[in-house]
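Here the structure comes first, spelled out in structure tokens, and everything after it is commentary.
We just call them A, B and C in the order they show up, numbering each chain from 1.
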Amino acid sequence: MTEPLLSIRDLCVDYVTDRGPVRAIDRVSLALERGEILGIGGESGSGKSTLAQALLRTLPPPAVIAGGEARFEGRDLLALGEAELRELRWQRISMVFQSAMDALNPVITVGEQIVDTLLAHGKATPGAARARAGDLLEMVGLPRDRLAAYAHQLSGGMRQRVGIAIALALEPSLVILDEPTTALDVIVEREILEHIRALQRRLGFAVLFITHDLARMLQFSDRVAIFYAARLVEIGPAAALRDAPRHPYTQGLLRAFPSLRGDGGELASIPGAPPSLQDPPSGCRFHPRCPRAVDLCRQRNPELVQLAPRHSAACHLAG
Amino acid sequence: MMPEAARVTGVAVWWDAIRRDRKATFGAILLALFVLVGVVGPWLVGDPDALVGIPLQPPSAEHWFGTNGQGQDVLAQVVVGTRVSLAIGFGVGLAVVLFGALVGVTAGYFGGRVDGLLSILFNVFLVLPGLPLAIVIAAYLPSGPLTLGLVLVVTGWAWNARVLRAQTLALRRRDFVAAAVVAGESNWRILTSEILPNMMSLVVAQTIGSTVYAIGAQVGLEFLGLGDVSAVTWGTNLYWAQNDSALLTGAWWTFAPTGLCVALVGFALTMLNSGFDEITNPRLQMERAWRAHLLARDQKPTRSTPVVPDHD
Amino acid sequence: MRFLLRRLGFYLLAAWVALTLNFFLPRLMPGDPATALFARFRGRLGPEAMQALRETFGLTDAPLLSQYLTYLAHALRGDLGISVAYFPSPVTEVIATGLIWTIFLAGTAVVVSFAIGTLLGVAAAWWRRGWVDTWLPSLLVFLGAFPYFWLAMVALYVLGFTLGWFPLGHAYGDDLTPGFSVAFFADVARHAVLPIGTIVIATLGGWLLSMRNTMIAILGSDYVNLARAKGLPASRVALRYAARNALLPSVTGFGMALGFVLGGSLLTEIVFSYPGQGYLLVQAVRNQDYPLMQGIFLVITLAVLAANWLVDLVYLWLDPRTRESAS
């Protein structure tokens, strides 16, 4: 069996504050195959966005990677030095940021921002780079002349497309989409995601799709992982999680999304609020809000247990 | 009210900053020393106007700072000058902030046309060059501390108006103010119990900055001869030193100590403000703990996220 | 374009305020301004001089509004009255002799200081905790706490008087005639080192800190993060992505500080007997030459406003977002 494209084992990420380290990712393990679309969902602060930047090692201070392993295409991501990271970034793993408005440099043209990516990795001469930048824009559905535009001259959807063009410039094997459509309206959102899927089928890159919009995630992904309070609580095929979720949190989330039910059933939200990561609950982090919690849940933090082929959940009661 | 906001914006956080940040502690001690000299000093030195020796004597055991061009004791001049210069400095610094706050907070709170008009007013005063304006006004009024103070306030208030307006605008949009407005509280009540208390630490920072400005500008105007040249202040000391051609006669002691005092006080005040910034800026705080964490494990800060295994 | 016009309108307004202040200030003096003026100059000025003085201030028997309009008309024609100390030279003539030196001195100093300070600020923010970030800013802040003219005095004393490395004053040697020759320019440069150097050292700290703080904030923004994630070389991230954006608020601050720096440079001129507006100003104060004082105030104000408008032009060039109305 071939090695997965990305394999994370017991990864831990801390934010070091003057009141002590806060664990933002707690012993997370998952694997991603070539060409696979893995959705990562959860509430804000659950750790999903941290994961994306942790892989690229671009988390700003006060973040530190506090343990675990992360292997990508056979290389240990955590052991790479600055120069190797610079080479890896964008050529092998790239990212589309949430709000492309802020992710684009406001004082230089978008064309220049695509071109400098190509030039930085020695992929082309300046002339060839400009031509390729134009090709990339067309690939994401924008006219070539937009190369000379500045970020503020483009609409939100167009800026996001530019972000995608930049992400695909060096033909990476993994593209991380960090809340790519949160700032856009629904119609544009669907268009963009369709477009990404078409590109993905054509070019064959794997995708980590990070979002809090469960419905979109389930529609779009092959497999789905759910984060809660810095832990991975359930992971499995999208269809399986949609039809038969095993973790109470996932079940609660699905009940809160009407579009998935479609039968006028009751909208139920999960009572309570996500816990503070500085002072998490004992045992299972979800137990204060869980309708099925028992004593064991208060005492021991459950590990991921395989319940079906490629479907695991971290719950004492799921087995 | 929000305890978290109070922690960052109340006056108590200043005391915290002074204790915790080295720069602020240093600044506070230095400032205290000068205030002490200003308060007690004049009683310990002789009459600064007295002619005590041969003019332009270099520092000696008898006259620690030597004598000036008139034959007066430079040390006495500097010490007595401290009192007046600091007093005017603090006084004007405070006045400038109060006036700036009056205009800035009004503009920021009421918005609309009031804001438009007041903003134009302080922006104009910001762009007019201060020293020439100060000179022209001071020339028409009788010389003395009142004129000096007036002129300094007229040329210095605009910056504070701008800063405090920005802060008022930001606070105005916050939820707790909107809640008070909806609850029907009077403008006066909202201003005094919701907005102003949350601006206090900024007001203190501005006062410190304005004091630095006031002392510097005061010395500059007096150097030109626009203060009361018969008074003993830091500025007039320098005026007389220049007048008596101190430089060309090599009598450096007649201007060096005074200038040093001005710089030390200004530096102390700036350090206070800088230390306060360090403590209240959350980003700088976070970085500090992070660096300490890395150092403790013999690792250097890197641009990319560092890998610091926790050996549990 | 609209941005520039709006700013121009603002500067015209400020110029008008300056003119109006100039008109009302003499009327600030206790009592009737005309009588007060006469009292001050009694015995010192002949009747023609007194008449000229009255006309400069519009102190005729006409109603206030008409006096004001006459005054404005004179000013717009470039007639700022007759100087008392240099009677019968018109104020504009007296000012013109020194204006170029002030502009040269202050202009060069402020540009050099801003350039160096900004570069150091970028370095301080990029290499946090390096020497550029730790003791250099504190040292420069300390130096900046000294009054400019005091630093000038020290520089003059140490480097001019004691060590003799630089001339003791003036803009050029008394033995040279001004002209477009290399020798003349070299001499001017030699005389300018101390005055410009003083102003640069006094103001460097301010630019450094302001740029450093802005850079630190911008280094945390998303587009810088993306630039790093793209694997761009550090120099490009620091300069084209971070510094280029941090420059914008810096340039805005630059405009606001111009008037302040100019004030300090005037005082510096006095120490070096530099033949600029500073020297004229001192003479005017000493001789109570009100027309000259007010004339200098007006001219300096106009110079600062013009410089501000130039800064706005630069800002327009730097920030593409100001170049058009919202799309």
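In this text, a contact is a pair of C-beta atoms (placed from the backbone, for glycine too) under 8 Å apart; a residue touches a chain by one contact, two chains touch by 3 or more.
On a predicted model such as this, the values are computed, not experimentally measured, just so you know.
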Study note, to complete from the structure: Top of the farthest list for chain A, CA-centroid basis, is C
Check your understanding: Highest contact-pair count belongs to which two chains?
Key -> B-C
Review point. Centre of all protein Cα atoms: which chain's centre is nearest to it?
Key: B
Study note, to complete from the structure: Separation of the C-alpha centres, chain A versus chain B, in whole Å, is 49
Point to revise | Centre-to-centre distance between chain C and chain A (centres being mean Cα positions), rounded to whole Å | key: 53
Revision key, fill the gap. Per the C-alpha centroid definition, the whole-Å distance linking chain B and chain C comes out as 22
Practice item. Mark out which residues of chain C touch at least two other chains, giving numbers and ranges. Key: 220, 228
Check your understanding: Could you say which residues in chain A touch two or more other chains, in rising order?
Key -> 53, 58, 60, 85
Study note, to complete from the structure: Residue ranges of chain B touching at least 2 other chains are 287, 291, 301, 303
Check your understanding: Okay, in this complex, where on chain B does chain C touch?
Key -> 23, 120, 123-124, 126-133, 135-137, 139-141, 212, 216, 219-220, 223-226, 238, 241-242, 246-248, 250, 252, 255-256, 258-260, 262-267, 270-271, 274, 283, 287, 291, 301, 303
Study note, to complete from the structure: The residues of chain C that touch chain A in their complex are 220-223, 225-233, 236, 240-241, 244-245, 248, 318-321, 327
Point to revise | Complex contact set, residues of chain A against chain B | key: 12, 14-18, 21, 53-54, 57-67, 78-79, 82, 85
Point to revise | Touching residues on chain A, where the partner in the complex is chain C | key: 53, 56, 58, 60, 85-91, 94-95, 97-99, 102-108, 116-117, 120-121, 150, 152-153, 166
Check your understanding: What does chain C use to touch chain B in their complex?
Key -> 10-11, 13-14, 17-18, 21-22, 25-26, 28-29, 128-129, 138, 141-143, 145-147, 149-151, 153-154, 156-157, 161-162, 168, 216-217, 220, 228, 234, 256, 258-260, 262-264, 266-267, 270-271, 281-282, 285-286, 288, 290, 293-294, 296-297, 300-301, 304-305, 308
